[in-house]
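Only one structure is covered here, and it is reproduced in the block below.
Chains: A, B, C, D, E, F, G and H, in written order; residue numbering restarts at 1 for each.
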């Protein structure tokens, strides 16, 4: 197994920590993992992204030209990364604020209205765990227990009480995601 | 498994420093390594181990704080990235001239000038040949994983104290920014003054007690003869280091017909190229210098008998390739492939370069 | 008369000066840098000195000032803008030369260059954007960070014990005989920005009268670094920074 | 004396929704729009256009200088 | 004869600067080069040519004043000695990154650290390989006489402006402090702004007039791709310089069986060794690289066919020898003889070293 | 009673302290450095802190201070002594740490390090030997060189136009809250030297009470650089330097 | 009260003939010797030994600390 | 011809300028010359020295281990440089303040009481030109006219009126020098 995922969105959307949770979950599966952020001068509201790789083997480069799965959470991210998904790969997006929807025909495309779901769950902070749920549905590479373990590892002790809420968000994301194009 | 953590290379430098009993860190923010100091400030080791952490007013001040701390026999360190390391060159030369142990971390970014904050390996010359003035060398460790970011902190201090030569971890923005699994080192306490004296001798400026002469740390010698004596002593040490401390790693090199030579980040990419080439039946291998000084000259020379040719892959315009050529000394072709300014080469383009520059030549 | 009518028939009373380029600023929403850029640009336009003005940008968020102010620019190494300005003004005395520096740039790494340029009385205008933090590198402590303030390198708040005192560079350089004009302003409101413009204008004028160095500090926000909304940051600044760095003209000789 | 009337044009796509202008408007003319622009920001708009006096405060304090201001002077108003 | 003067190398740098129309000098005192600024202050060229001379508060300030002056398209320069030049490394890297012309003089002394004030050549690596960060090169001129201290000021500016690459005169305490006969260059006026534009193009920050776009001098590129483009442009320039600007000198090399390779001061000593060896019937010759970058690689490679072996003689621990070895590429033995820390080797000891290391091997 | 008798029978009232080594000082005849070294050595002896004192010597004529004062020394790079002292004191808070710096060292190249150590309130004693010139390198201008004074780099006299103003670093750092004690002394007479000793003692004491930075400036001569006889240099100093750098305690908190 | 009597010993070979001591002696006891020492300096000596009061000024102000001072206190003098 | 001369004495004795005048005179003779001072941190009264080489050929090194002629003007200089005179070479010294006189038997030794002669000529500033006279007598490598030309070249214009006085000093030195040992 070798899954290369890019997650891209606004800084405030929890992109980096989502990547970290995925990576930790990968570790729980006994896999090799890497997590590589885009980094640059501070720019609030600017787009940021993280590449996570989960693999059976040692990972050579934590940055890749093309990914298996792209998770894009705003228009800029969609514009930039739709192209970078490998043929046959997966694109997951949040339609909120999207004016130009994905157009590729050679990849599987999923949509999750995570912003709305977060509002429904009454907590905008679990936005990224809803996305997590969507990813797990679209690309079932991690099992739920390991995700819970990964979450535990990546959260500071004092936030462990929030794990049930987070797992609920995962479920909601898995349920709420819908495939809009399949190859 | 329980000890495995997922951390950034930069964070790991900080964790490893605290764990190995580092006495002091002095730094100045610069991307892509600011997390080193940030993590230290977060951990607040002054409350636990008593380690001093100070944000200096500049890189120049930071390296000179390191100089002061090193004079006291303490395990002290700094970290920075390329432009900041350039500012430290006078201080580094002083540290070498005064034969002080310390650890310097360079998380390289693209240059010259303000350049870019993306990863680069363009400070090889500065680090290995001598960015400061005078004849000196640093012990240079080039990690290619987050795990090695952990391991080389302790190792760097150990070697540095053993020879009283500053050690440098030459990393880059990729290793510094990425997270990987890492097993942190076990915790060691900071050394007491007595332990320092016992382990390293009584040369540090800890106060001239009645039972010894004054200790003076200086790099000055007005007379040329004295200075030459210092230089000869240094050169003898460097020779000893060259003989005893070479560290390198090979990958599928035993039967290789062609050898990639790469350090740090690039070596990871190259290992992928090796794998795919092997799949195609090409006998490609790799040698990765872990210590850049001392350089595995002898080992590469040895391989020159076995292989048809070498190619170094670097994120610069061709720097380490000179040391490989000096080692091979014309016996076999030594090619170079590089990307610049923050671009990380892909395994595929390295393969293409190999075909063009080595296999089909 | 409705909006459309006013726009169509009314007078245009405010539009972006041509000295600002059309590039979208990379600054975070609400960042003071943008407002100060505008103030400088408008002063340059009003004084008609676009052709004769050289800006020296620092390393800091405003490293890209050259993208926005349509004049000739030199981009200096971190902290060294006053050195560049010294040479530039001495080699081209007929030009208006100004530096634009953040607090990390001017008060930390570049402290010596700033003080010595001021002490030599270089005929330049120095603009000092004091947002109490290192914006560009992700919100680390600056010498100007207030006591108790949380930053990336003082996560539980700056303490005197570890980090020393909040440095008032402006107060330090004001008594230097080489300095002819020192003023501290803000740019959080239109009123403040208008005052700031007058100070900048005075600085430019001084530099051509060979009166010595003019030094204008702008107490600013870095809402990203401070982790506040832009409006909250302005309020925080007024409440917490103004008492430590009181606004006003400190010297005018 | 008749009241000055003003109006502002916000370059919506360039607005970063920082709210500085809203805060600095003496007449509470401005507010955040519910909708977001292409960059995802709730941009500023004239919520109460009738209140605008064309003072330019908003435009001057806007860090991104994306506001243009128009004003009808009293005498002009008379003629119209 | 009437134009011949007896002057110190350092004084000549100052005289030559004024005569060649230099616009500005920015320096900081350090032995053994302080006479450069002292002579300028004595001559007070601001009263005659209008040249600006300023004692900066530090070497860091000085190199950044040079950066500022160079941005304006002016002929500006600085001088220092080894520790001071180390402090300039960030600035030098910026100058290279921003592609600015300027002249830097290093009157080397022994290091590392504070070291000694006696002559040395231990900054070869720093100068030629890159003491600052990033991939850059300087045009490096190595004078071996007071006359060349004069000649290389003008030449340095000329080459530097031609390629927009900073030029370095790599001298040492011997050449800087000694007096010799020198014929000073004829006086040239300083260039006007119009002449600068005509000769070098309109890139300088002289004020954005209505008829052109703004000029911006920067070395920043946030995107790796842009930075790589800059690096590629720089590398292409360096290649061009390597092809067109190599300068070297040979001495009794035509029929030589053995070749000494030496630059600067050492080349003078070596010429004596050549003479005495010739007296003894030994076919010894010398090649002296005048430009250290571009290095006379091709020329030395050519000689490798003719001679039995090479020996470089340097006042350091062996630096240029690497470039000679890279040129010779194993074809013939390349030996090294060096003295350190301010000691100038004698012609006799070089002869002894030759016997031991080369002739009898 | 004749001389021999007094020597034989009288009390020894003054002899060289053991904290000074027997090495002959390399300083020029009459150089103030020697007198200040003695004053420091005597204070160290009187306080009984030889075993606990670390000196940081600069680059300048006093680079060799370690040859003369028999304590542990660190020899700093030009201008950076305060950085070394900062680390040393923080890593060994039980030690007395002092820097000894010339005016070129502290006020020119090392200006930033000095100011920031003071601003952080490092618990050290900083001794600043102001002889208005670069002694070691052959008498070039320093920031503290008086207006009109001839030096190797101002051969016809320093001018404000070219070189700016005489810098009073001590006045600049005195208001910093990190600094607890600032005094300016001379060492031209025994009386002056006795006063200087009291100041140095206070500085050492402060550093152990964690009161912050103590800063003692010594207005000094460099008769070689000034090209005067030692006695004439002292007179010139009193006449010309004291008015610009008035002696006294500037701060004592 | 009887006057204190003092005497100084100058380490002749280490004296650099700077004259600081001479200048600082309150009683004009000291002067330059005509002869020079091995370093070529006219060293200081007690030209008027009877004037010395053993105040140590010379020794304290001597930059090279080459003077040792002795003194006979009044009471001692009485006994002698 | 290849004459290597070292002149050593106190800073105030005009050692460096004497060296310069000799070198300039050498130029007037059409020779190659070099002048190399000892340099170091300022130390008034400290000993300084200068090596001057006058040669028919290009000069390789301006510093030499052993010299043809040593001119030593104080005890320290004598102690240091007596040894460095080549066998058969020349040593010239001023006996003023000398306690240990030269002892070598394999070199020619000259003595000139230049300090006294300077007092006689009523101008201590011409001390070094008296030494010049002594050198010219002991080692007649330069002719007097060229010395005068050399002097002219090395003096700033405004001091040219002093040339006659200087040349008188040269004469006085030539007359006053006495050979105390010859081989």
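Everything below uses one rule, namely that contacts are C-beta pairs under 8 Å (C-beta built on N, C-alpha and C of every residue); 3 or more make two chains touch, one makes a residue touch a chain.
Predicted, not measured: the structure shown is a model, and the values here were computed from it.
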Exercise. Note down the smallest number of touching-chain steps it takes to go from chain E to chain G.
Key: 2
Quiz prompt | Chain labels contacting chain C and also chain F | solution = B, E
Quiz item: Which chain has its C-alpha centre farthest away from the C-alpha centre of chain E?
Solution: D
Exercise. Compute the distance, rounded to whole Å, between the mean C-alpha positions of chain A and chain E.
Key: 55
Exercise. Please compute the C-alpha centroid of chain A, do the same for chain G, then give the distance between them in whole Å.
Key: 88
Exercise. Calculate how many whole Å lie between the centre of chain F and the centre of chain H, each centre taken as the average of the chain's C-alpha atoms.
Key: 40
Practice problem: Name the residues of chain A that each touch 2 or more other chains. | Solution: 40-41, 45
Self-check item: Per-residue multi-chain contacts in chain C, two or more chains
Solution: 27-29, 63, 75, 77, 108-109, 111-112, 116, 136-138, 143, 163, 223
Quiz item: chain D: which residues touch two or more other chains?
Solution: 16, 41
Quiz item: Can you name the residues of chain C that touch chain D in the complex?
Solution: 1-3, 6-7, 9-16, 20, 24-25, 27-35, 38, 187-191, 193-194, 223, 229-231, 234
Quiz item: Which bits of chain F are touching chain B when the two form their complex?
Solution: 50-54, 56, 63-64, 66, 70-77, 80, 83-88, 90-92, 95, 112-113, 116
Quiz prompt | Contact footprint of chain G on chain H as seen in their complex | solution = 10, 45, 74-76, 97, 99
Quiz item: For the complex, which residues does chain F have touching chain E?
Solution: 59, 63, 75, 77-79, 104, 108-109, 111, 134, 136-138, 140-141, 143, 152-156, 162-163
Quiz prompt | Residue numbers on chain E that touch chain B, as the complex places them | solution = 60, 82-83, 85-87, 89-90, 93-98, 108, 110-118, 120, 122-123, 125-126, 129-136, 218-232, 234-235, 316-317, 319, 322, 325-326, 328-331, 339-343
